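Pasting the structures here.
Two complexes are shown next, each including chain A; its partner changes from chain B in the first to chain C in the second.
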Partner chain A sequence: MLEMVRQQMICIVVPGWEGTTELAENGPVFTGLEDLLRKVDVVQFASVALLPARADAEEETPSLMMELAIEEGIDPYDMLYRLICHPSEAMWALYRSYWPDGGPPLQSERNRQLLDKLMPCLSIADGGFIGARDRTARQIEKEQALLQWTRGQARALKATGQCGDDRAAFALALAQRAFQNPSFDWALEPAPRSYWRGKGASTSTKIGFVVGAFVLGLVAVWLVGAVPRGAVGLWTWLFGAPHPDVLVVVAFISKASRWVLGVSLRTALVVLVVLYFGWLFLVALPALFKSWRLWLESLWRELDRPTETWSSWSTYWVGWLVVVPLALAVVAFAMVFIFCPRIILDAYHAATKELYGWQIVALVLLALVALIVFVNVFSKVNQRVAKTGNWFFHPYEDDVPRAQQVHASIDRCEGQLVGGTAHMISLTDLRSPNGWSAWWIRTSLRIVTFAGRVFFTEGRLGTAPGIHFGHWHIIEGGRRYLFCSNYDGSFGGYLDDFINGATIGTTLAWRWTTLKPRGSAGAGPAVDKPRSFPPTRFGVFRGVKCELKFKSYARDSMLPHLYRFDKCKTPVDQIILATGLRDALFGERNDRNDDLIMRAIES
Partner chain B sequence: MKAQEAPHLRDQLKDIQGMLRSGYGWLQSSRFWLLSIRDGHEDAARAWLAAKSGLVVSAARIGKGKRVENAVAIAFSYAGLTKLGCRETEAHPFPTPFRSGMGSKLREQLLRDTPRDWRWSDVDGADCGPVHVLIAEWTPKGAGPLITDIDEKVFCVIKIENDPCSFHDIGGEEKLREAFGFRDGLAQPVIRGLKQDDDVGKDRDEIGPLYDDRLVSPGEFILGYRNEYNELTYCPNVEGWTQSGHAKYPGGRFALNGSYLAVRQIKQNVKAFDAFRDAYGQEVCNKVMGRQDNGLPLGWKYDPNNPISDSQADAFRFRVEDANGFVCPRGAHIRRVNPRDSLGTDVESSITSTKLHRLLRRGRPYLEESKDDTHNGIFFIACNADLERQFEFIHQRWVRNPGFGTLHADDPIAGTDDPTALPKTFSMPGLASGQEVSLAAFTKTLGGGYFFLPGIAALKFIVGLPVDAKETIAEPAKVAAV
Partner chain C sequence: MKLTPGTPDALAPGLRSLSYGIFCWANRNPGALRKIGWVLRRWPFVGGWFGMAARASAVKAVLTRPNSFSNTAHAGNLSAGDYLIGMDPGPTYAADKSLLDDRLADLDLKLPADADAEVKRLVNELGALGKNKPFDLIDKYLMWIVLRAMDPLFGAATPRVAAGVNGNINDPGLQKQYMMEIRYVAGQLLAGSTATLRVQRRAELNSDALKARIAAVRTDIENAWNVHGRSADFIDRNAVGLAWISHPVTVQSGALAVQELLGRPEVHKALREEARRLQQIGPDEVWQNKAFRTSVYNHVLELMRFRPIFPLLARDVPRDTEFVTGARHNATCPAGGKMAIWSISAMFDPDVTKDIKPFKDISQFCPTRNWGNQADLRWLMFGYGTRQCPAMKYAVEILTSALIGLLILPELKLARGEGKAIAYDGALMSRMLVNFI
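Showing the complex of A and B:
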């Protein structure tokens, strides 16, 4: 499932670029690429950029990067083959300067050599998010045409005044006109959506999927033990006892199967208990008690606070001194329970053998009361200390030099795209040790990708709107980190959306990176001084909340594009609206659909 | 790493220009001077500005119970600061939007202003070259100009003259109206710790928790203070400032206590709007604007003849009462420029997000009378601390974006005047089948620029006043008891 998402977003990073290929708008390479990408019909976005070489790299020449965002279900290697072997030879025109002697005269040989060069440089996204572009470009274009047609018809219908003030009659008239128009026959079918955004979008389906997969797994494990046991029983009944070695092997398999079953069930129990307590403390108690909600909010706020204050400082250290040891203890207890439950049972029996049941219950209740009292007292003390501390100590924060600076080449790219889908390319370095950082980044990105695929099905990542394709790649043998994003809006607004709407995911995805000095490539910016990603707390707090630092970091990491392709310049909101309109016009007549139709024709 | 301490706003009021605290509503005449310093006359310009800096009013002299009889504010474009010899430091340069200027080709693209036909800008101008200095003056109704002695050998001058008909009696009080006849100056953010202190008790009593929707951190408008991210706003610095002795706050950089002004001269096509009003009626005009012409919200349920405060007139949200725009259409002017709680996933996140994109408006109506053209308009001034996140975001993503939300037209009042985009349409879902009206270009931008409104010590530094010239600025105008 994740592979399918990742395969839709690819980058081809070819080192050693010394070319002088002219990519000016309306030049032959530009128009060739434009023509090619339109004809292949499955590429939604593409861009070409130069990645400057690392300062410590042997080769000082930049790499030529081509980013492709393609439709679901297409093998990226097939995609590359289709692009290269297209009769227009647009890809050869782009990459020909890698062959200073002009390359082989035969087209087939040129294509083969180009394929051999590009295939090893192809990078499938390590993680990514697809917003409303889970539809094909053809679907988007057709639905946009339907939207425009409907708006025109609505205008004409209003001019006639036939439907008066009746919204339902108005919507019905529009639906009838659409239904009678043969050019919209394709819209009679409900809009195709990927499973998790269509039939699988409900919470019950998702829970059912997880439970079903788990139960099937348990059944499979049970069968691994049960089938050999049954076979031995059958053999014994038919032919007598089998060879003793066979019995030993079957007993081992059976025991292993039971052990895996036990571990799986106890793991599931632990997960359920953790989820229950998570729900209790983070959802139920805040909903029931205002004081709890305020306390929790202040806790998040203090941990996220970009300014160093007494209260945020003390909250952070209490986290280290109390919460981290507690969490480690819980994890250790869970591990022991999962793998060696006997130890816990024995310890429990030893501790309670002298006690009656009511005494055990009373002890548990007493412990709970003590915990609540402790938390309350601590909270009060913390608030008092925070108040006094903030009065006494001035809050301070680090200076952020050269903030709010944008390189001219980046500004120019933003200006060019202001009427369409905006685009960014960010190149950073992995923090040392690279392997460790790469492992964490990949793990984080898989979580982000999974969440984006299964949970954030309304085209928003967290609550950050407007993303078409966002993808991350670890390149150059785990040394560097490339992020490409196609989104609606201005870059500053985009980062604000992430800071406020997808704080944890963004911090997770970036925190293992750093920005090392590097030269410029082409007209792009250089990095003169190293920058660090803003400091994080417990992996997910603070980080991107440090607005100035984070925006400076992101800005300084950006590179301009040399070429940019956008199959259909339609914002996410309009894509979602047009699909909804299609289903509303050709669906049953009800208030919801009528409302959606009326909303779609608003200006 | 070097730590930076935040100054306390209350201790810095003497260094903050008064227009950040008040729009001088009691001073009903206003004039704006756009000055370009002629080459070779920089010293004379500096000397003249030094003399005029005595008219500048600080925030300490206004507020609850305190009013001045007249006021002046002085701001500089990036070209102006450079012309007067200010050089940014390598570590703390001015932000890119300010450096490139609103008049640049790039900003034309980014602000969706294409095509422009401007008379003046902070980057270039038809006759005078870039505007270097903006001087705003506020005087009592009918009073003559404060600035009278501009030497045209030193400066090339564009004067934006007061519209004498811009204040009207509403509920027994003189209130500002713009040229289309609507109340102006409502829905201003309240700066926490500054403006908040002037009326906080009364306003909070009147509108309750909705008051918090308007309460915005000072760093959103004044440089060097905490903004809505709880961070100190970025303060640029210039060479020589730290050593000059002007800095009132230890370690404070040049831009501390300053602000950026996004300025646009917007011509209002009153004839076209009147024709529209004649064709569709005042109610439709109100829908287009998003407010009643007397300033009341469209959904006002009480007696409109009972006078209410500006604070009460601004106490409403959209998401709960009017999510579909049945009362105030989703494309209406005031709903676009301040979407309140309507754009995010819930009320709280929407308000948090909207507070990152607020502007403090200090513009006034103007009247231009000449042989060729007589017209009214707004001299729009928006104070903000982050041009990109505030003014440019609002203009690019909300006002001029035809794809705002799920709509397909830009702002009905402040949208593009590009003839190829006309006529625009505007829907009013409040009517049963969503009436749609056709709009002309009601406004046209004639010029614009980004200006830096310095703190008073920084102003003295720019114009070359010595450190000890406190008296020059301290008490220039009489303070009138209220």
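Showing the complex of A and C:
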């Protein structure tokens, strides 16, 4: 499921760029590429950029990077094959400098060699998010035309004044006009939706999906044991006892099946208990007790505090000294319960065999009282410390040591895209050890991608809007980290969305990176001094909350594009609005659809 | 309903792969389909519950009622746009059919001579390979024979269609690219709506490429077909349809026939013995001996009966109706639904030949079987009635030439030792590695 999302965002990074091809913005290579991408019709965004070589790389020449954001379901090989084998040979024109002798004379041979060269350099995203999902470029263009047409019709209708202030009548009149227009026949079918935006959109379906899969798994495991048992029973009834070896094998299979069943059920129980306590402490108690809510907010604030203060310092270390050992103990207890429950039962019996029931109950109550007393004392101390002076909450370090300078090439690229979909290419290095960092990044990115696919299905990642295609790639054998994003608005606003919205995901995705000195590629910026990603707390807190540091880090990692393709040039909100309008105009007449139509023409 | 390009998958994750996996497995294992077909023939009311016709009489009855059981069931799988196979009868259908008949008439003049000529060329080429050197029978043999044999379909425009508007017509790689393009478009017809999104999108990509290719050489086709004054839509629709439906389906059928033949060593050996005997008489005798050609022709048909490219067919039900299953009650078909035709089961229905003498068990391989007045049933893999494939005889003729070529080459076997000899791409066979013994 996730691979299909990742395959929509491709980067082809070909090392050893000698720079003999003319890559001027309006030169024949890029106009040919523009023409190709328009004709192929399934590429929504594309860009070409030069990636500078690592300082410690054997080859000092830069790599030529091509980014492609394509429609869902297309295999990257099929996409590349289609682009390369297009009669225009635009891809060959872009890459031909990799063949200094001019390449083979036959077009098919050139295509084959180019495909063989590019396929190993192709990287599908290690993680990513797609804002306007389930839509093809053709669909977006048609729905935009419908939106514009509807707005035009609305103006004309308003001028006649025939509907007055009756919004329902106005919406109905517009729907009738749209319905009678044969050029909108395509809109009679509801806009297509994938499972997680369609039938699987509700929470209950998602829970049902997980429970269903779990139960089916349990049934399968049970059958693995039950079928041989049943067969042996039937055989014994029909013909007498089977060979002893058969009985041994069946007994083993049956035992293994029971063990897996037991482990699965106990795991499910542990997950339920963890979820219950998570809900209790993070949802129920904050709702019931204001003090608990304030305490949680304060804890969160201290962990996420961008600057270092004594309050955040002490919170962090209390976390290390108390919470981490406690969490490890819980995990260890859960593991023992899952795999060797007998140990816990034996230990419980050993500890309580001298005690009567009332004594056990009394001990539990005593423990609860002790906990409440401890929490109260801790709370009082906390409040007293807070009252002792502001020094406790004041930062004791500077935020950013210097003012941020943006390289001219980045400024130029951003200037070209003003008013359209903005674009960002960021190249950083992975922290050492690379394998460890790469593993963590991949794990984090899979979680982000999964969340984007299953939960954030309506154009927002967390609370961050305006992302068309944002994707991360670990390249060069796990040494570097490439991030490409196509987003609405400005760079500052875009990063603000992450800083204030999808904080944890962004911190997780970037915290394993660093910025090592490197030369420039073409007219792009160089990195003169090493930079680090802002410090984090427990891997997920702080990080991007250090706003200036984070923005400065992101700016320093950026590279300019040489070429940029934007098929639809439409903001995500506008795309979503147009799809909603289509469904509302051609759907049944009700208040919701009428309201959607009116909002679409009024916005 | 037309296939909407780029429609996302509305099924829950895993379900599509599961259903497509079952579909592909069934296509690759016609024996399993035949066994299910036996059950459906034995208890036809079971098929009735699920809207399936399995008995020969039921299948024939359904296929002779095109207004009640419509071909539009195929339309959703025509990723390159509408074509005859997915249309209901009407003016467009009639015009397109007339053009197709004209094109096939041209084919009549050149077959089997063109196919034989290409087979002879490839026999010489492959004969030089030597023993134990694996080669792909589809890629190196069948594809090219069918391409050359079907040259007359596009007439003088064939080189341009195959090489593209700017391509070098002597570049075999470009021709191969064209053949891959049409293969995936045809594959969508076979895979149908069960196909995974990846397969559907690949078909769409190749359809776009094919349509662009045809549009770019429209004038060449217009001249070659002598259809001046006809609309661009008419030319494009027919050229695109003719391109993807003619070649890949024949190649796949050929590969399936060879697969079946290699699984029947006695049949293969007997045919080779006969070919060798004729070669001893004279080098061209295998090509000129009519009895031998007829025998190979019958073998091709029988092999295709056992391994048809379309073992199952679907039909749309435009209005409430019912069909005779052979059970006590007819099966009802609600309007707007679909029903399935088990051609593979009908071709093995023992009721068809039980009264024909000499009696031959219909489940047995017998190319010389007397079908009596049921001879049309042996062509059931091509459909039946007015909507039967109009090019079926040409396809079998081309495959006969191809099979004769294989019989005079050194003996073939599926290559072992380098992974699986037969590789599938979904329901399609994408590679068939063989070597000479």
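By definition in this document, the second predicted complex is superposed on the first by the 580 of 603 C-alpha atoms of A that agree within 3 Å, B and C clash if a C-alpha of one lies under 4 Å from a C-alpha of the other, contacts with A are read in each partner's own complex, and residues count from 1 in each chain.
The rule we apply is simple: a contact is a pair of C-beta atoms (placed from the backbone, for glycine too) under 8 Å apart; a residue touches a chain by one contact, two chains touch by 3 or more.
Remember, it's a predicted structure, so these values are computed and weren't measured experimentally.
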Fill in: Fit-or-clash call for chain B and chain C when the two complexes are aligned on chain A
fit
Practice prompt. With the two complexes superposed on chain A, say which partner A:R155 touches: chain B (first), chain C (second), both, or neither.
Written response: first
Practice prompt. Considering only touches as defined above, state whether A:D411 meets chain B (first), chain C (second), both or neither.
Written response: first
Item to complete: Report for A:L577: first if it touches chain B alone, second if chain C alone, otherwise both or neither.
Response: first
Worksheet item: Thinking of the overlay built on chain A, is A:I74 touched by chain B (first), by chain C (second), by both, or by neither?
Response: second
Practice prompt. Give the angle at the C-alpha centre of chain A formed by the C-alpha centres of chain B and chain C in the superposed arrangement, rounded to the nearest 10 degrees.
Written response: 130
Discussion item. Once chain A of both complexes is superposed, is A:S490 in touch with chain B (first), chain C (second), both, or neither?
Written reply: first
Worksheet item: First (chain B), second (chain C), both or neither: which does A:T136 touch?
Response: second
Discussion item. Under the stated touch criterion, which partner chain does A:I601 make contact with: chain B (first), chain C (second), both, or neither?
Written reply: first
Fill in: Lowest C-alpha to C-alpha distance for chain C against chain B (Å)
25
Worksheet item: So in the complex, which bits of chain A are touching chain B?
Response: 151, 154-155, 158, 163-167, 169-170, 305-308, 394-406, 411-412, 414-416, 418-419, 460, 463, 488-490, 492-493, 496-497, 499-501, 545-548, 571, 573-574, 577, 595, 598-603
Discussion item. Give the list of chain B residues in touch with chain A in this complex.
Written reply: 1-6, 91-93, 95-96, 100, 106, 109-110, 112, 226-227, 229-232, 234, 324-325, 329-331, 344-345, 349, 352-353, 356, 386, 388-389, 392-393, 396-397, 403, 405-409, 424-427, 429, 431-436
Worksheet item: In the complex formed with chain A, which residues of chain C make contact?
Response: 4-13, 164-168, 171-174, 176-177, 196-198, 200-202, 205-206, 208-209, 212-213, 216
Worksheet entry | Residues of chain A that touch chain C when the two form their complex | 1, 4, 39-42, 71-75, 78-79, 82, 85-87, 106-109, 111-112, 133-134, 136, 138-139, 189, 192-195, 198-200, 209
